[in-house]
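In what follows, subunit A forms one complex with subunit B and a second complex with subunit C.
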Partner chain A sequence: MIQPLLEAGWLSAILPEIILSAGGMLLILLTAFSPRSRGITGPLAVIIFIATTWAENLVGEGVYFGGTYEISAITRVFDLTFLLAGILAALFAREYLEREGIEGGEFYALLLWGTVGMMMMAKGLDLLIVVLGLEILSVCIFVLLGYHRRLPVSNEASLKYFLMGAFATGFILYGTALFYGASRSTNITEMAKYFATADASNPLLTVAFILLMSGFGFKLALAPFHPWAPDVYQGAPTPVAGWLSVAPKAATLIVLARLLYAMAPVMAKTHWVTMLATLSVLSMIIGNSVAIVQRDLKRMLAYSGIAHVGYMMIAMLTISDESIAAIAVYTIVYALMNIGAFGVVSMLAKNQNDPQTLDDIAGLGFRRPFYGLGLAVCMFSLSGLPPTGGFISKFYVFRTAIESGHTGVALIGILTSIISVYYYLRVVYYLYMKEAPDGTAVPIGGVFATGALAISVIGILIIGIFPTPLFNMAGNAARQFLQH
Partner chain B sequence: MIPTQWFLILSAILFSIGVCGVLTRKNGITIFMSIELMVNAVNLTFIAYARQFDQLHGLIFVFFIMAIAAAEAAVGLAIFISMYHHKDSIDVDDANLMHW
Partner chain C sequence: MPILSTVLWLPIVAALVLGFFPRQAAGAIKGFGFAASLITFLLSLGIVSGFKEGVAGYQLVELAPWIPQWGISYSLGVDGISLWLVMLTTLLTPVVLLSSWNAIHKYPKEYVISFLVMEAAMIGVFLATDLVLFYIFFELTLIPMYLVIGVWGGKNRIYAAIKFFIFTVTGSLLMLLGIIYIGFQYMHATGRPSFAIADLYGVGVTPYAQTLLFFAFSLAFAIKVPLFPLHTWLPDAHVEAPTGGSIILAGVTLKMGTYGFLRLVLPYFPDASIEYAPLFIALSVIGIVYGALVAWVQPDMKKLVAYSSVSHLGFCVLGIFAMNQASIEGSILQMVNHGLSTGALFLLVGVLYERRHTRMLADYGGIAHTMPLYTTFFVIAMLSSVGLPGLNGFVGEFLILSGSFQTAPIATTIASTGVILAAIYLLWLVQRVFFGPITLEENRKIPEIAWNEVAALVPLIILMVWIGVHPNTFLRKMSPSVKQLLAVVKSEDRGKVMFANARPGANSTHAEKGGAR
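Entry: the complex of A and B
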C-alpha cells in the first residue's frame, strides 16, 4: 500500500487556499444558477477575502507535503499583501463593472483563484509548486485582462499579455529544467545544498540563470523586458490593471528572494549580481524618463511601476533579513498606493476605449474633493515624499542597499526618484491648479470605491507616520525565513 | 543507450527554433505553436535528465507542464476567437490600437 506523504495538520495548512478556491466556485455557480444575484457577488468576494485573512491565523507554521510547501511568518506577510490587493481590487471593481454593464461572479472568482496561485508561489519550496502557482495566476490574468469583451482594447491587452506571458513561461521552464539537470532536484532546499558546493564556472548555471531571470523579469516588467506593460495596463479594465501592477510582482519577488538566497554561494563567485544590478538600473532610468512624456494616466502609472520594480530590485542584490523585510514593506505600501491611484482612474466615467489623460482629472480636486485628495496622497506616496508610506519604504530599501555595499545603484535610485517627483506632482498640479474644460465628466464612485480609497489613504498615512510596528513585524518574519 | 547530451542538444535546437518562430511570425496561432514547441523542448530536457538520474521527479514535472500547456491553449484560443470577432484577423500586427 502506498502511504500518502501527508503531515499532520496538512488540511489546516492550506485552509486559506481552500477557502479561496471554494469561494470562487461558489461565486461562479451563483452567477450561473441565479443571474439576478450578480449584484451581491462583489460584496461576497470581499467577505471571502476577509474570511481568508482570518483563516491565516489558524495555519500552523511548518513544512508540509513532503518538504514542498513552507508556511512561515514571511509567507503570512506576503499572503496578507495578496489579500489586501485582492480586497482593494474587488472593492474598486464593484462599481466599475456595474457602470460598464459587465458585472458577474466570474470576475471575482478569477481574482480569488489568482490569489491562490500567488499564495502557492510564495509558499512553494519546490519549483514545481512555484511554476504551478505562476501558471494558475497567469491564466487568471489572461482572462481578467480580456474580461471587458466588447472592448477592442481589452481584448488587445489580453492578447499581448498572453503571447508575451506564454513566451516568458517557456524561458522560466527551460531555466528550471537546466537547474534540475545541474542540481538533480527541483526542491529549493536540495538545490541550496548543491549550490553551496557547486562549481561556479559551469556555463550551464549561467545560462540557466539568464533564462530564469528573463522569464521573471518579464513577469516583473523589469526593463528591458517591460514593453508589454504600458499597452496591457492601458487596455485592461482599470481595477484589474491596478491589481496586476502590484500582486503578481509581490509574488514573483518572494520567489526570486528564495531562489537568490539559495544561489548566494554561487552568486558570490560570478557576475550574476552585476546582471541584476543592470536590470534594476535600466528599469529605474527607462521607467522614470519615459513616464515624463506620458499624458495617459494608466501608461504613466505603468512606467512608474517599471521604475518601482527597479527600486525593489535594489534590495534583492544582496539577500539578507533586512532586504526581505524592506521588500515586504515596500510591496504592502505599493499595493495601497498603486491600486488606490488606479482606483481613482477607474472612476472616470468615460468610454474605456479612449485614453484617460491628464485633462480628464483637471480640476478634480475641487469638483470631487475626496477623490482629488486620495489621488494626491497616492501620488505623494509614489514619489516618496514624507510623511507617506512611500517615503519610509523607499528610504528603507535604499538604506539596505547602501549597508550591503551597493552604493552606486542606490545613488542612481535616489537621483531617478528625484526626477520622478516631476511627473507625479504634475498630476497634483492638474488636480488643483487647472480649470476643467467644459463638458468633462465628473467621476462616479459609490460607497465601495470610496471605502477602498479611504483604506488606501489611511493605510499610506498610518504606515508613513507610525512605521515601527510594520517594520518590526516584517523584520522578525524575515529573520525566521533565513534560518532555514 | 543514447548519451544524454544528444537529447540536450536536440532540445536546445528545438527551443531556439521556437524562439525564432515567436520573434518572426505574424499569425497569432503560428506564434502560439512556436511557444508550444519551446515548452515541448523543455519537456524533452526534463525527460532526458530524469532518465540519466533515474528519477521520477523530472517525469512528474513533465506531466504538469503538459497540463499547464493545455490550459494555456484553451484560454489562448478563446482570446484569438475574441480578436477575430473584433478585427476579422488574427495577425498580431493588427493588434495596434495602443502605441505611445
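Entry: the complex of A and C
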C-alpha cells in the first residue's frame, strides 16, 4: 500500500518550523516597508522564538511525510536547545547591531531560518532531508557571517566558511550516495535494516563512513577538520560566532547519533569506533593546547569549542540512551555558557575589525561587576568546575565513557581538561587581577544583553545545582529515541 | 532545625546578601560578614553539644536525594574524624575577618564574600557523606582561594595563584575519574547506583585497579597536604596570599588533604594503602626534615612559617600511614593544632607586616621592647608550634610519634629530629626578631597590637592551652570513629561486608582474591 505523502496532522507537526519561517518573512517585510521599525525587529524575533517554544508543546509525536520526518521527545529537547541558542543570540545581537549601525530585520530572519534548518536536521529520518536542512542552515550562516559587510574580517569569515562548507556538504552528499548504493535507501530506518545484516568488510562502507565523518567533522569543527573555526569566529559578528559555535554543532550531533546508532551492528565489527575515538582525542588535545597561546578571546573560545566537541564525541563512541542524554545535556549547558561568553565579548566597544584580546577585559570584574561575574561563571563552567552546569555535563560524559569501557579516552579527556583550566583561569585573572590601562572603553550593554547574560548565568548555576529535571527530561527522551 | 545544613548554608546566604551591599559601605560589609561568620561559629557549637560520644558512625545525619539517577544524594553527617575540623573552620573564619578588619583596603566586599563562600565550601568538604558532594565542595574551595591570592596578594601573586590552582586541580580531576569509576563499580556489583561514602567502602576492584585508584586519590590529597615533593606550590601561595588567605590556607585547606587520606584513601584502598604505606611514610619523613631544614635558612618570616607547615603536615601524614589508634588520633589532633598555632603565627606575622611592610628577619630586632603584648602572643604561638609540653602541639606530636614508633621505628626516629629542628628555627626566629638591642630606628615606635587582633588571637590561645592541658575533651570524641576506621582498614574479610548483596558473578573474583591472600 502506498503511504499518503501527507499524513493527518502534518500541519501541526511542523508548526514550529512554520512559525519561524513566517516570522522571518514578516521581519524582512517589516524592514523593507518600514525602515524606521528596525529597532523592534530584535524584540520581535525574540517573541517569535518564544512563540515557537510554546508551539513545541502542541506538536504531536509521530513520523510524518512518508517516514522521513520524526517528531519525538528527543527532537523536542534538541529543538529547545536551538531555540535557546537563538533567543540568546538575538538578545546579545540587539544592542551589538545597534552599536555597529547594521541593525535590520534580515539578521534576525536569518537566525530564524537557520533554526528551521537545524530543526529539519534533527528531525530528518532521511539523509536527504538532513542535507536539505543542513543547506538551509549553511546558507543562513554564510550570510550571517558576512553580515558586518563593511568589515574585511567579516567578509573573510563568510568566504572561508562558504568555500570550506561547500566542500563539506559535498563530502556528506558523496557519502550519502555511497551508502545509498550499498543499502538502496537514504532513509535511516531502512539503512538500519541493511546495516543489521551488512557485510562489514565491504570497503565501500568504510569509504562512505569516512566521507560522511569528514563532512560532519567540518560542521562540528572536530580536529583535524577544525582550522576554519578560529578564523571564522574571529571575523564573524560576535553574537553570530557564539550561536555558530553551539547550535549547528548540536544539530549535527543528533544527526550523527541517529546514524551511528543505525550503524551499530557494523561498527562493532570494524574500526570505526577507533576512528571516532581518534577524532575525539585529537580535538581535545589540539583544541586545549592551542587555546593556551591565544590572546584573542574569540580565537581562544574557538579552540575551546574544538576541545568541547572532543568531549561530546566521547559520549558518541557507544550510542546508548545514557550517551544521547549526555549529549542533550551537554549541548544545552554549552549553549548557555558559550553564547554567554561570546555575549560578554560582543559588548566590548571597540573597532570590530581589530582583535578582541584579553587586555580588553582587564579589570572588568570590578569595573562592571555583573559582566565580569558572568564571564567568570561561564569560564568556570567551561572548565568544568563545580557547582556549574559544565561540571555536571562533563561528569555525565565521563560517566558514559567509563560505562561503555572507554576509560582511556576519558583519561585523556581529564588530562586535557587540566590544560584547559589554565586558559580559562587566565580570563578570570584578567577580569579580577589585572588593572585596566587608562582609557580602556567600558563595555556597553543594555537591558537585552544584560538579560541574556543573566539567563546564561542563572541557567548554568541552576543546571549545576538542580540537574535532576533536565536529566529526567533528557533521559526519558533518549530512552524513547532508542526504542524504535 | 537541621543543624549541619544551617551551618553549611548560612555563610552562603550571608554572601548572597552581601552582594547587594553598596560598595562604599566598607564598615557595614565587614561588620555583616564578621557577624555572619560569628553566628555560624556559635551555631556550630550546637554540633559539638549534639554530638554523642562513643558513637563511631556519622551523627546528625541529613539525607535528601539530589541526583537520584546516579545515586548521588545531598547527605551530611559528622563523626569523630570530621567534628573538630568543622569546628576549626567555623572558628578560623571569624578570626580571619576580625583580624583583617583594617588590613583590607581594596574591594572589601569581594574579600568578605570570598571568605564566606570558602568557609561554606570547607565545611561542606568535612560534612559531606556523599563522594560527589565531597568532590564538589573540594573543588569549590579553589575558586575563592584563587581570587583571594590573586586579588589581594603580594607582588608575585598571579604566579602563585595560578600555580596553586593548577597543582590542585590536576590532582582533583584525576580523582574525579576515580570517583566515577568507583561509583560505576559499585553499580555494577550491586545493580544500584550510589555514591554514599560509606556504601562504597570496600568496593571490590581488581588489585591493579585498586593501585591505580589509590594513586589517583592519593595524588589529589598529597598535593593538597602538601606532601614532599609536591609541596612547591605552598611556599609561593603562602608568601603571596594576604594574611587572611594564609591563615585559612594553612589552617584548613591543607587539612582537606589529610582528611581525604583518612576518609577515603585508607578505607577505600586498604590493600594498596598497606602496600604503599612505606612510600608515604618515607615521603612524609623527608617532608618533615626537609621542611624544617629549609625553614631554618629562610630570611623571610612568612616563608619560614610556610615551610614549617610542610614539616608539620608531614607529621600528620606519618601518623595516618602508621595506621594505629594513637598515631591517627594524634594526627587528627595535630591537624587542629596546626590550624591553631600556624594560623596564629601567620596572623601575627601579618600584624607586623601591616606596620612595617617587611617580613625580613634582618629588618627587626629587639621589638620586644616596643611591642611587649605582641611579643607575648607570638612566643605562646611559637611555643605551641614547637611542641612545648602544656600546649597543644606537644600532645599531637607525642601521640603521633609514640604511635608511629610501633609500626615504623626507624622513620619515627628520623621524624623526631623534626621536633628538635622546629625548636631551633622558631626560637631562632624569636631571638632575632624580638630580643637583643634595637638596631633600626624604625623599630623604636611600632604601634602595639590592636584590639581586633587581640580579640582574634585570644580564642586561639585559649584553645592551645586547653588542648595542651586537657586533650581528652577532644580525643574521646574521636576515638570510636578512629577505631572503626582501623577496623575497616585492617579487617581480613572486609569484602564480605560490601558484597552481602552483590551478584554472584561479581563476588567470585573477590573470593579468589581472598583465597590468594
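By our rule, the second predicted complex is superposed on the first by the 480 of 484 C-alpha atoms of A that agree within 3 Å, B and C clash if a C-alpha of one lies under 4 Å from a C-alpha of the other, contacts with A are read in each partner's own complex, and residues count from 1 in each chain.
Here is the rule we use: a residue touches a chain if its C-beta (ideal position, glycine included) is under 8 Å from a C-beta of that chain, and two chains touch if they have at least 3 such contacts.
Bear in mind the structure is a predicted one, so any value in this text is a computation, not a measurement.
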item: Touched partner set for A:P387, first subunit B, second subunit C, both or neither; value: second
item: A:L29 touches, of subunit B and subunit C: first, second, both or neither?; value: neither
item: Contacts of A:T407 with subunit B and subunit C, given as first, second, both or neither; value: second
item: First (subunit B), second (subunit C), both or neither touched by A:M433; value: second
item: Touching partner for A:Y422 - first (subunit B), second (subunit C), both, neither; value: second
item: Subunit B versus subunit C as contact partner of A:P230, first or second or both or neither; value: first
item: Subunit B versus subunit C as contact partner of A:F366, first or second or both or neither; value: second
item: Greater subunit A contact set [subunit C / subunit B]; value: B
item: Which superposed partner A:V442 touches (first subunit B, second subunit C, both, neither); value: neither
item: Footprint overlap on subunit A, comparing subunit B with subunit C; value: none
item: Complex contacts: residues of subunit B adjacent to subunit A; value: 8, 15, 18-19, 22, 28, 31-32, 35, 38-39, 41-42, 45-46, 49, 53, 55, 57-58, 60-61, 64-65, 68, 71-72, 75-76, 79-80, 82-83, 86-87, 92, 95, 97-100
item: Contact set on subunit A toward subunit B in their complex; value: 128, 131-132, 135, 138-139, 142-143, 146, 149, 152-153, 155-160, 162-163, 166-167, 169-170, 173-174, 176-178, 180-181, 184-186, 230-231, 234-235, 290, 294, 299, 353
item: Contacting residues of subunit A [partner subunit C, same complex]; value: 366, 380, 385-387, 391, 395, 398-399, 402-403, 407, 410-411, 414-415, 417-418, 421-422, 425-426, 428-429, 432-433, 467-468, 471-472, 475
item: Residue ranges of subunit C touching subunit A (in the complex, touch as defined); value: 66-70, 107, 110, 132, 135-136, 139-140, 142-143, 146-147, 150-151, 157-158, 161-162, 165-166, 169-170, 173-174, 176-177, 180-181, 183-184
